[in-house]
Each structure stands twice: as structure tokens, then as C-alpha cells.
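Worksheet: one structure, shown below.
As written, the chain order gives the labels A, B, C and D, with residue 1 at the start of each chain.
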Amino acid sequence: MNERSLIDKILNGIVVYETVRIYDGKPFAVKEHYKRLINSLSYLGREDEVSLNDFEKEIEKNISFDRVKVFAIVSDKVELYSVGENILTKRVESVKIDISNVRHADPSSIPPNFKSLSRADVFLARQNKGDNYDVILLGQKGQVCEGSFSNVFLVKGGKIITPSLESGILEGITRTFVIDMLKENGYTVEEKIVEVKELFYADEIFLTHTSMGIVPVNYLGKFSLKTELSEKFSRMFEEYLHAKIG
Amino acid sequence: MNERSLIDKILNGIVVYETVRIYDGKPFAVKEHYKRLINSLSYLGREDEVSLNDFEKEIEKNISFDRVKVFAIVSDKVELYSVGENILTKRVESVKIDISNVRHADPSSIPPNFKSLSRADVFLARQNKGDNYDVILLGQKGQVCEGSFSNVFLVKGGKIITPSLESGILEGITRTFVIDMLKENGYTVEEKIVEVKELFYADEIFLTHTSMGIVPVNYLGKFSLKTELSEKFSRMFEEYLHAKIG
Amino acid sequence: MNERSLIDKILNGIVVYETVRIYDGKPFAVKEHYKRLINSLSYLGREDEVSLNDFEKEIEKNISFDRVKVFAIVSDKVELYSVGENILTKRVESVKIDISNVRHADPSSIPPNFKSLSRADVFLARQNKGDNYDVILLGQKGQVCEGSFSNVFLVKGGKIITPSLESGILEGITRTFVIDMLKENGYTVEEKIVEVKELFYADEIFLTHTSMGIVPVNYLGKFSLKTELSEKFSRMFEEYLHAKIG
Amino acid sequence: MNERSLIDKILNGIVVYETVRIYDGKPFAVKEHYKRLINSLSYLGREDEVSLNDFEKEIEKNISFDRVKVFAIVSDKVELYSVGENILTKRVESVKIDISNVRHADPSSIPPNFKSLSRADVFLARQNKGDNYDVILLGQKGQVCEGSFSNVFLVKGGKIITPSLESGILEGITRTFVIDMLKENGYTVEEKIVEVKELFYADEIFLTHTSMGIVPVNYLGKFSLKTELSEKFSRMFEEYLHAKIG
């Protein structure tokens, strides 16, 4: 591989990617991530140029890590490139989130499932999150969308609520598994357009993302939140994952 | 420079850039481009890490080309990287443009003057431009914004009209020079929110961009346009540039 | 009825209404109009206070006219009030339309099916229509919505296209009958989000409204349009109506 | 005056209006209200048809009331109509507000200063306010606008904040007097785009409207608020008004 030329391709082309979690040498939800990478490539008309086998090979190279980022660099051809990482993040004592001043780009501008590098809205939100664990981006109408690296769930009166895909969000793979798990356990999960006031009126809030699973939230700005159900769901999800991986 | 490490920085960080035109070994509007690069960096709080001298050095390295792209790769530090290119584009016989189905990201999501790599909205619009010279992106309210690599001007009843910065557009450097030139020559230039119907009702349309200056438009979709004033402005701008460069 | 008191109720309350067409003493689509009036009242929680019989009585009072407007004045109670009118409008020689500078209020602000008096957006558009037969209001994203008193249809390559209800428009009763008729006659009718450029790229445009049925459009701004299919549909609809009324 | 004909004019035309407060037989801010009525009429091109003298006569007729609503009924001519009312509202013990699910119509649809009867967005918000004193309407981007009959102010760290006119709100006459009074008393008043989260993070919130002046808010949904400064401002404004009326 000619490195100079790869840099030029990155700088002149576009890069889409996926992050896959690896538990004790076993990658999780590989097919789901592959499918989503192909979907990202489809916006560029390049969905036929990466096979599942190509994708799995990149994961295999990094199997000793906690997670692997697989990049598809799109120029005259599509080239895969991967980086393994160990997760250093420890469970933080107190998780605080807030609402970002950066708005989520509208689906009419950037399809939420087009997972491209340096999505400027999400990047700028993360850059300016200060001492928050994550910040929530609102959409063009002010609706609740998602965190800069997580999806958001509310608990209100025993019911679980999360922004629907129509809100203009990425279909998070952990999000989908969490919804499935909660429904399998008899909980009501409502996917809908969520207003900002609902965040403040929630009993509990939790985040979901690939690296940490379910993260209960202790503070929304200056307001403290209960975490009883969120803690329970977090433990439940760890067991759910281990059962899935086998 | 370790190439692998630079690639990792690009893939994990964010890249902002400028494209500078070089006429016979003389770079054009260097300070204006430097100022805009610094403005892009300011959204990341990194505006103090690149000097004018650093920027000029990158241009100097590529002074034998027609234009140079200077990238600022932002990770733990800010590193400049540059690529020189010769312009192969010839004046095309008949310039056709159309309106993109991709909308321009709102300033609340991505500041128009944050000139970052792989801006997904603009990239997707360009990818899907078909046989058009360029396509015009509309904003979130449906207002006319800009082409995927150009700014747009209308001629209507002898008056020149172009989307105002409040429309949510990049402050194009060529755009600014063209406005100045037209005003200096006694033309009325109105910067305002431009509706789609105004494109169709225009007498003439022309584009402006760094590589080609002023480009008269022959067709908006199926409708042909006059180019009398646009041709005149195009020639006038070449002389204006040469006088500036001296 | 105390007139002064009725005026006070109108000025302090809110008024919803329907306009019913009467052909040779036979009112058309009474149940559809009644159902829509009840729907308007439902936004005020007052849907149980007007019976079909009450509604029919108001129409009966004005049966010698060409059309009757039935108003429901909502204050402490709901009172019906009606006005009969004869249609003086003659088929105009040349129908010109344009795009209004007034945008249609978003469904998040005013439900499109809440047919209330003095809807300011629609009223202001009509006031400023100049010499146009009607003007088209665009929605908040710039999508094509509807005329100030009509629905809009496009013909493109033999296919008929009209803004979908999701565009944020009133479910016009004539619109629905026209769609049904066209489908029954083997035409393809696509209801979708329509962009402004599609108006300009259309082969033909026609309007529909209660008073005149189908109105072929000769001019969109400065551009002339064919009317071949529109004229055919207009005649077809007159026969369709007469068959329905029996 | 033929009453039947006036009803027909109201039902077929449009009505704009102003509400003027009368303190002990002295009307307040008559010229300001007249100016705003004329501004409403200007959207209909009818600003020349009502004189200050006409307006004052309507107020005079109702001078024994606490307030008078002056309606301008716009049809072939502009006719004034007025209704006097006594304010029965007592200071409520505990003022609760919330955020409406109805969004404020965008200025591109209905100019905020076009104070017309039965503005459906504001009417529907008020209808559904439940046990709240008033509800706050958000704009199309989710920004804080105004209550259904009041303007909203926040106190945060000693500074007073209120939505700017660019937020798309009516220029409330009481709002303007309150801003002037606060500035004259050395307070910092910031007019800006206000996000929903700022309502929840505020130390205090107060409303302003013609009938009651400044109303301190005790609850935003389930959250209680301090009222120390708001109570002070409320008393200060009563004195300010009495000094103005003299």
C-alpha cells in the first residue's frame, strides 16, 4: 500500500465506517455492522464493492483489541482500513449529560444512516461537550435526536420512550438490541418524536452505545435523576449480550 | 512524517482546508484564504496553532501548480498538509445546472464557514450531479444557497442578485471579489434570500468559483438562458484578477 | 338571534366552516363536508355539538343558490350560520398562476384540516395574488402545498402528480374525487412531496376546487403550459359529477 | 349599522384588533396600540383607512371599563367595532405554566405583528392549556416564542433574558415598557434566541401582558421557581405605570 496515495484518497474522497465491539476475542453483531456499512456505501452508489468476507478480515486483524473501527475509503475504488482500540473508559461515578447548542443535520441534508467520517455537526457537538459524558443533539424542529456517540432513552411512569427513526437518527445497533431485550422482558417501549420538555419531565434517562452498552444518567444539567430501572436494564443487557455471544 | 500515524490522525480527528489559485507562479488572495482557514479552526478552538508563515510555506511547496489545497489536520496538534493540482477543466461548450435533491445543512448544524473535509451534504450533492456542470443546493426553508463547488448569481432586469450570507452559505472568496468588481463598475448587486422561482424567472445565471472565475450558465434544467452580461462579466473578471495580481 | 351578541361570539370565539356546492338544487358531497366540519370541531373538543341534521338544515335554507357556506361559531355553545352565494366566476380565457411569497403554516402550528375562518397565511396569500387566478403556497421546507383556494396537480410524462397529505395540506374534497376519477380511468396518480422545480418542469398543471371543478392552467409565471390532458380531465370531471349527483 | 351585513363582512373578510387597558378612566399607551393596529392593516394594504381619532372614539365609548378591544373589520371598507370588558381575573395564588404542544406559526407564514382575530395556532394553544395560567409556544426551530396571551422573561444569575423579535414574536407593548423600565433601573436585559433548556435552567420566570402587567411564575411543569426578583419587578411596574399615566 502506497501511504501517500492513501492519504490523498482520504483527503479527496469520502470515508464511511463502522465500530465493532469485541468481547473476549468474539466480535459482536458483525453482520449488522456490515449491513450498515453497505447501506452507507449505497448513498455513493458503491454498495457492491465490499464483501462480508473483506469486512470480516479487517476485524480478524484486530481481534485482540476491545473494538475495531473499519473504514471504507471511497475514491476510484473502495479500500478498507482498520484500527484496533482498547477501551480505557471506566464506569464513571456520576454521569452528567446536557443538550448541545449544535443541531443535528436534517435528513434532507445528510441521511442519518450515512455514517461518514467527520460529520461536522456531531463532531462539533462532541468537541464542545465540556465536562458532560455526552450531549444530546436536537433536530431542525427542536426534536430530541441522539447523543454525539450514543442513543438516548427516557423512563416515564414505568414506560420506556426513545426517539423514533423518523426523528432523523442513526439506527444504532445497540439501540435496536436494547429495544428488543426490553420488549422480550415485557416492557413497553414507545418510539416517537420526543420534545425537549419530555427530557426534563422524565423519571430516568439512559444512553446506549456500542462501547459501554447501557449507561444510566445521573444528571441532566442541574437536575438529578433516579437510576433504579436504568441500573437494572444495564445489568440485564450485559447478561443479554453474553447469552447472544455464547 | 509517519504516514500510518498521519492517516490515523485524519481518521480520528477532523480536517479543514482551503484551495488557493496560482496564476503564473503567483498565488491569489493568500491572506483571505488564511483568514478563512483560521476561522474554520476557531470552531474547534484551535485558531492559534497555524501562522500565516506556515500557510505560505505550504503554498510555496506547490507554486508550480495551478492550485494548491492546504489541509489542516486537527488532532492533539494541528498539522498542515498540501497537494498541488493542475486544472484540466476546459471551458465547456454548454454549461447546464440544476437544483439538487440534497439540501444544504442548516447553519445551526454546520456553520457555513466551517470548511471541513467531506461535508456530507455537499459531497452527496456533487456525487449525484449527473451531466450537470454543478447543482444548486437549497437550504432548510427551500431558499437558494450555493452550488456544490460554486456560488450562484442571477441577472434580472439589469440588476445582479446573489444569495446573502444569511441564506447560510460559505463566504466564497471569488464571490466577494466578483461583488466588489461589479459594484466598482457601477452595477447594482443585491444580496438577499433568493427563492427557487427567482432562478427560473432570471434573465441570466452565472456561477463563480476559485478555479474558473465566472462561469456563464446556458441551461437551467430544460430552460435555456441568455449569457450576454455573464460573458461580459467573465472577461471583465479575468482582467480584474490580472490587475490585482499585477 | 341577537345580532350584537352573535358578533361578540364571533369576535371572541373561533369560527370553522365548509363550502358546499349545489347543482340544480342538489347539494354535492354533503356527508363528506359534514365529516370535515366535525373534524375541524374536534380540534376544539366540540365535535359532539353539531348533528348531520343541523348541517343539512342550513344547506336546505340556501338550496336555491349555487353554493352555501356553513359556519360553526364556537363559543360557550356551537351555533351554525349560513350564507348562500351564486357563482359569478366565468371560465377565464387564460389562467395564470404563480408561487406566493407567503408560506403555508406548518402542521405543527395549524392542522391543515382545521378549516377555520381567516387563516391568516392563506388570507394574506390571496390578498396579494395580483392578476393571478390563484397562487401556490409553499410549506416550511419549501415543498409545494396548495393554492389559496385550490389544490394543485401536475402532469409529467403522462403521469399525474399531486402533493401528498404529508406535505401539510387540506384534504380537499374535490381533490379526492379527482384522484378517484383519474384512477378509475386508468391513470397513474402519485401523491408525494413535490419540489418547486417540478412545477417548472411539468408538462401541464391544473387546479381543483369546489366551485369550478378542474381548472387547466395556461401560465406559470412567464412560462406557458400545454393543457391537452387538463382540458380532457376537466370535461371528464363534469360528467363524473353529474353521474354522481344523478 | 346593518347587523346581518356586519356579520357577513366578518365572516368573509378578516379582522385585526388591539386590546387597550384603561386605568381609572385613563386609557394606556393609546398611540402605541394605534400604531400597531395600523401596522396590522398595512399587511392588507389598508393602513390609510383608520385615523387616530377614529381609534380614540372607540376607546372613549368604553372608557368606564377596565379594558377595551377595538376590532377593525376589513372588507370593502374598514369598520371599527369595540367591546368593553371588566377584568375579573384575580391574582392567582400559584401561577403554573408549561410548554404547549402547538408550535407558533413561522413569520414566513403569518407575520408576528399581524394581530388578526382567531390566529389558529395561538387559539389552539390556549384552548389546550389545561390548568396552566398560560402555555409557551415554541417556534418552527423549537426556539421559545411567547405565551398564548403573554410574553415571557427569564431571570438567570441576576440578568434578565427574553426572546428577541427575531424569534418570531409579537412586539408586546407591555413587553417593551417592561424592558425600558428594567434598563432604566440598571438591569441588564438581553433579547436573544432562547432555547427550551434555558427555561428549565432559569432562576425565575415571569410573564407580561396588558391585563395584569408582570406575573411571576411559581411553577414550570413540575419544577418550582423562585419569585424574588419577579415579585419586585411586578410591584415596580405598577408604580411605573401609575407614574406614566399620571
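The rule is short, and it goes like this: a residue touches a chain if its C-beta (ideal position, glycine included) is under 8 Å from a C-beta of that chain, and two chains touch if they have at least 3 such contacts.
Every value quoted in this text rests on a predicted model; they were computed, and no experiment measured them.
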Touch-network distance, chain B to chain D, counted in steps: 2
Touching both chain C and chain D (chains): none
Type of chain B:chain C copy interface by residue overlap (half), same or different: same
Which of A-D and A-B has more C-beta pairs touching across its chains: A-B
Distance between the centres, which are taken as Cα means, of chain D and chain A, whole angstrom: 44
Euclidean distance of C-alpha centroids - chain A vs chain B, Å: 33
Numbers and ranges of chain D residues touching at least 2 other chains: 103, 108, 140-141
Chain D residues touching chain C - in the complex, by the definition given at the top: 3-4, 6-8, 10-15, 17, 43-45, 69, 71, 81, 83, 102-106, 108-111, 114, 116-121, 123-124, 127, 140
Contact footprint of chain B on chain C as seen in their complex: 98-99, 101, 103, 138, 140-143, 195-197, 200-201, 221-223
